[in-house]
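Lettered A, B and C in written order, each chain numbered from 1.
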Amino acid sequence: MDNYNPANMLLLLVILFNFFLLGSSRLNACIRTVAIQGGILSLLPLFLHGFSGHSLILAGGAFLLKGIAIPFLLLRAIRQVHIRREMEPLLGYVPTLLLGTLATAGAFIFSDRLPLIEIHRGSLFIPVGLATLATGFLMLITRRKAITQALGYLIFENGVFIFGMLLAEAMPLMVEAGVLLDLLVAVFVMGIVMHQINREFSTMNTDQLSSLRE
Amino acid sequence: MLELLLHLFLLLGLSPLLPGVIGKTKALFAGRTGPPFLQSYYDIWKLFGKGLVISRTTTWVFRAGPVVGLAVPVLAALLVPFGAISAPLSFTGDLIFFVYLFGLARFFTASAAMDTGSSFEGMGAAREVTFSCLAEPTVFFSFIVLARLSGSLALDTMFGPALYTAWQSAGPSLILVVACLFVVVLVENCRIPFDDPNTHLELTMIHEVMVLDHSGPDFGMILYGAAMKLFVLGALVVRLVFPGSTGNLLLDTLLFAGGMLLLAVVIGLVESTMARLRLLRVPQLLVGTMLLSFFSLILLLR
Amino acid sequence: MIAAILLLPFCGGLAAFCIPSDRFRPLLLPVCGLAHLVLTFFVIQGGQTAPLPMAGNWIVVDSFSRLILLIVSLLFCGCSFYAVGYLRYRIVWGNRIFVSCLLIFLAAMSLAAVARHLGLLWVAVEATTVASAPLIYYNRNRLSIEATWKYLILCSVGIALAMLGILFVAYAALAGGAQVSLQFDDILRGAANYSTPWLRAGFVFLLVGFGTKAGFAPLHTWKPDAYGEAPGVVGALLAGGLTSVAFLALLRTLQIMEAAGDGAMAREAFLAMGLVSLGFAAVFVIRQPDFKRLLAYSSVEHMGILAIGVAIGGVATFGAMLHLLNNALTKGVLFLAAGNIHRRFASKRVGEVQGAITLVPVSASLFLLGFLAITGSPPFAPFISEFTILRGIFTGGHYLTGGLFLFFLAVIFIGMGSTVLSVVFGTPPERKGDTNYRETIMTTGTPLVLLLIILILGIYLPEPVWSLVAEAAALLEVKP
């Protein structure tokens, strides 16, 4: 395993960030961590596909959106509603961390058994992608505040992005641009809805959003 | 023979220097001059000359605690290579012996604390034992990683020459192991962010409160034992970070001593820049560290 | 021409954002709606039009596109007229976001219909999610916020899963040694060489992802909340337009699987999802106290019917394509009429809404007739399409499926019927205050027209419509 390959180092950092996100309750720190994670991921195409025009534009655009614009929107959203901390998640921090580690371990074991093509075998992209997907999913379903659910969605999208990087030929620039733009607008709308949630319910706890039921 | 003497000399002679260096680093950060480097030596010397005050409610356990606390690090040090100086004592599976030696010491310290019948000390004992319980899996996972890399279950070989080649083949795993073992050093020696060695409020103490009732030579033994424990556990981290060997024994010894002092500076740095964690968060952090070491094992296994 | 179809509503949306007057802004809606409808007719007549020059072959109008464009455009045009009346009633709230998002929603749906590149399709479907979320929130109360948040999160996650599916499909090409491209024709050409495990994994994710958007059970949990809390206009467009677009995405997936030779597995999955959806709908429709949530479950039911039709194949596929059209138009009738009733009574619950026939006679009778249509009574069009699907099921020998199909439909008929009848008939309850809503031609004209269309289609299927639907069905049956 070519260990000190910068792409592999960055991918390991991504996994460490996943663990941090699962265990942290400070919202500011979580948002900034997702921003750094997005920024790291946006640099990966440069390592994988060299410094061609396509990957430079993609990396630049992704960095701008994932690393700067989207976190800015989220930070603004929580500043307006003055929340600082997440409440105890549905499972508790320690069980969530345990689940996240199990999912990461499972991702590593599972990806060895996948029928990959030769150059991808043994690389860290697929397991890290799967682990990030699992982390995003865990955050989505176990957290109570709307903002952390939005963060979970962003982490999930980060995981999909990792997969997308393996297939740069299939994803032309326009589509990538469209995807990123969609993400930006989605987060923008989420921010607005979060603000409205806070205005109506005076809290961002989505437990309160449980009146609609059978 | 030479290794045995060097081990004992380094351990007994150098270990009280570490708390001094840590204190000096913290003072520098705070803009003070701080206590002199050799302060721990002066303290131990002073304490051994003082008289003993023993509570009437205690038994022999109370006297045994500090003695065991002094003997265990000496024995444990003989199992661990100091830098490139190999360990005098080594047998397969001695890593388990190593971990449980410290468990023995902890048991006696906690029992001595509870023997006094004071509720503060019982509280401190409970906290200390919980934290060590949570830190133990980390140590074991880290040792398993090293055992796999070196192919042996003896600490001497695990931390021996195989380490240099291990860094080339499994760098990321070893980086995580170093981080995890550093956290273990902080936990076991009751440093910030897990415990504040300078606090004077009993409700916030963990280790200090356990040794509150000891005095005179007993307290001296406790201080010395704590310094030696820091030295031995720190030696693991230093060996991991500086895996090579120059071949010249004197140079190796000097390098090792330098590494230990550097470790003390780093601990001082960590203590100066971080605040103590809320008690609720410590178990979460320790479980996180355990999961991190588990993850480093996974990285190795794939 | 195709560019005009996409750019017109988009520019209309931007223009709506800039127009300052709340009174005149809604008029933009029918203008754009009519223009869009006219353009759609031209595109449909034009046969297989040439691809858009600057977009390469990313935007191509094939038979599916034509059918979906017709459905979406027709429904939107009708709803735009209704919206003028609705927004006049709600003039106090302001409508800038509403009108602009509505037009952008139309643009996104049109883009999804003509997209020939999986990535572009994804972008368009995600855009529909983002554009429709503010529309659900228009009622500005706690319940609609809750519904909007659930809709946004669930659909966005679903779409992200669909993206994963798309990437797996591309990886299947990579692993199979075929050309890696997400352009649809390239995929269809090379699908036979794709690596099967990756393709199947991709299919599952695409099914789950787009299935969430379409509202198949058990991924439908956002539907009752969103349809229940959104204004009637939005509900009609979501239930008629958006589900059709999402189903189109699923049809594209099925086309890929057919081209790869794995169509049997895909059809089984569709059949299973269809039956599960029917089952869920049947259970939740019984004793449903909220008549707008009732319509959501009806939507789940009809997605199930569509899935079953497509899964069976043969003449049932024709029935399913026809049902896309019928379902969309009938849902339009139902939601618009339900919206009127809701406004008149200021409540959606069965206990508080009774005797609608005396207070809002046109809307109530439209609601009743719409109910009859959607549950498959002759002489309305859904009867024809459901009967065709049933014919396909039985001639194919799937007796168990057919039996379950009929059973669930019967249960749904009874369940819906009890709610609808108690809403429409009976004596109106004592009103604490009279809402000032009165029926106008704007708010009743559209559902009336749509119902007439359904009636006509049920009695006589005109030749152009027949050939449009048949061509769409033929796309699924062709094996390269």
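The criterion applied here is as follows: a residue touches a chain if its C-beta (ideal position, glycine included) is under 8 Å from a C-beta of that chain, and two chains touch if they have at least 3 such contacts.
From a predicted model like this one, the values you see are computed outputs, not experimental measurements.
Seen from the Cα centre of chain C, the chain whose own Cα centre is farthest off is B. Centrality by C-alpha centroid: the chain sitting nearest the overall protein C-alpha mean is A.
Each chain gets one centre point, the mean of its Cα atoms, and the points for chain A and chain C are 31 Å apart. Rounded to whole angstrom, the centroid-to-centroid distance between chain A and chain B, based on C-alpha atoms, equals 37 Å. Averaged C-alpha coordinates give centres for chain B and chain C that are 66 Å from one another. Residues 168-172, 283-284, 287-288, 291-292, 294-295, 298-299, 302 of chain B are the ones that touch chain A when the two sit in their complex. Taken in their complex, chain A has these residues touching chain B: 1, 3-4, 8-9, 12, 15-16, 19, 23, 93-94, 97-98, 100-101, 104-105, 108-109, 112, 127.
Of all the residues in chain C, the ones that touch chain A in their complex are 117, 119-120, 122-123, 126-127, 129-130, 133-134, 137, 141-143, 145-150, 152-153, 156-157, 160, 163-164, 167, 170-171, 173-175, 180-182, 195, 197-198, 224-225, 228-229, 284. Within the complex, the chain A residues that touch chain C are 115-117, 133, 140, 146, 149-150, 153, 156-157, 160, 163-164, 166-167, 169-172, 174-175, 178-179, 181-182, 185-186, 189-190, 192-193, 196-197, 200-201, 206, 209-212, 214.
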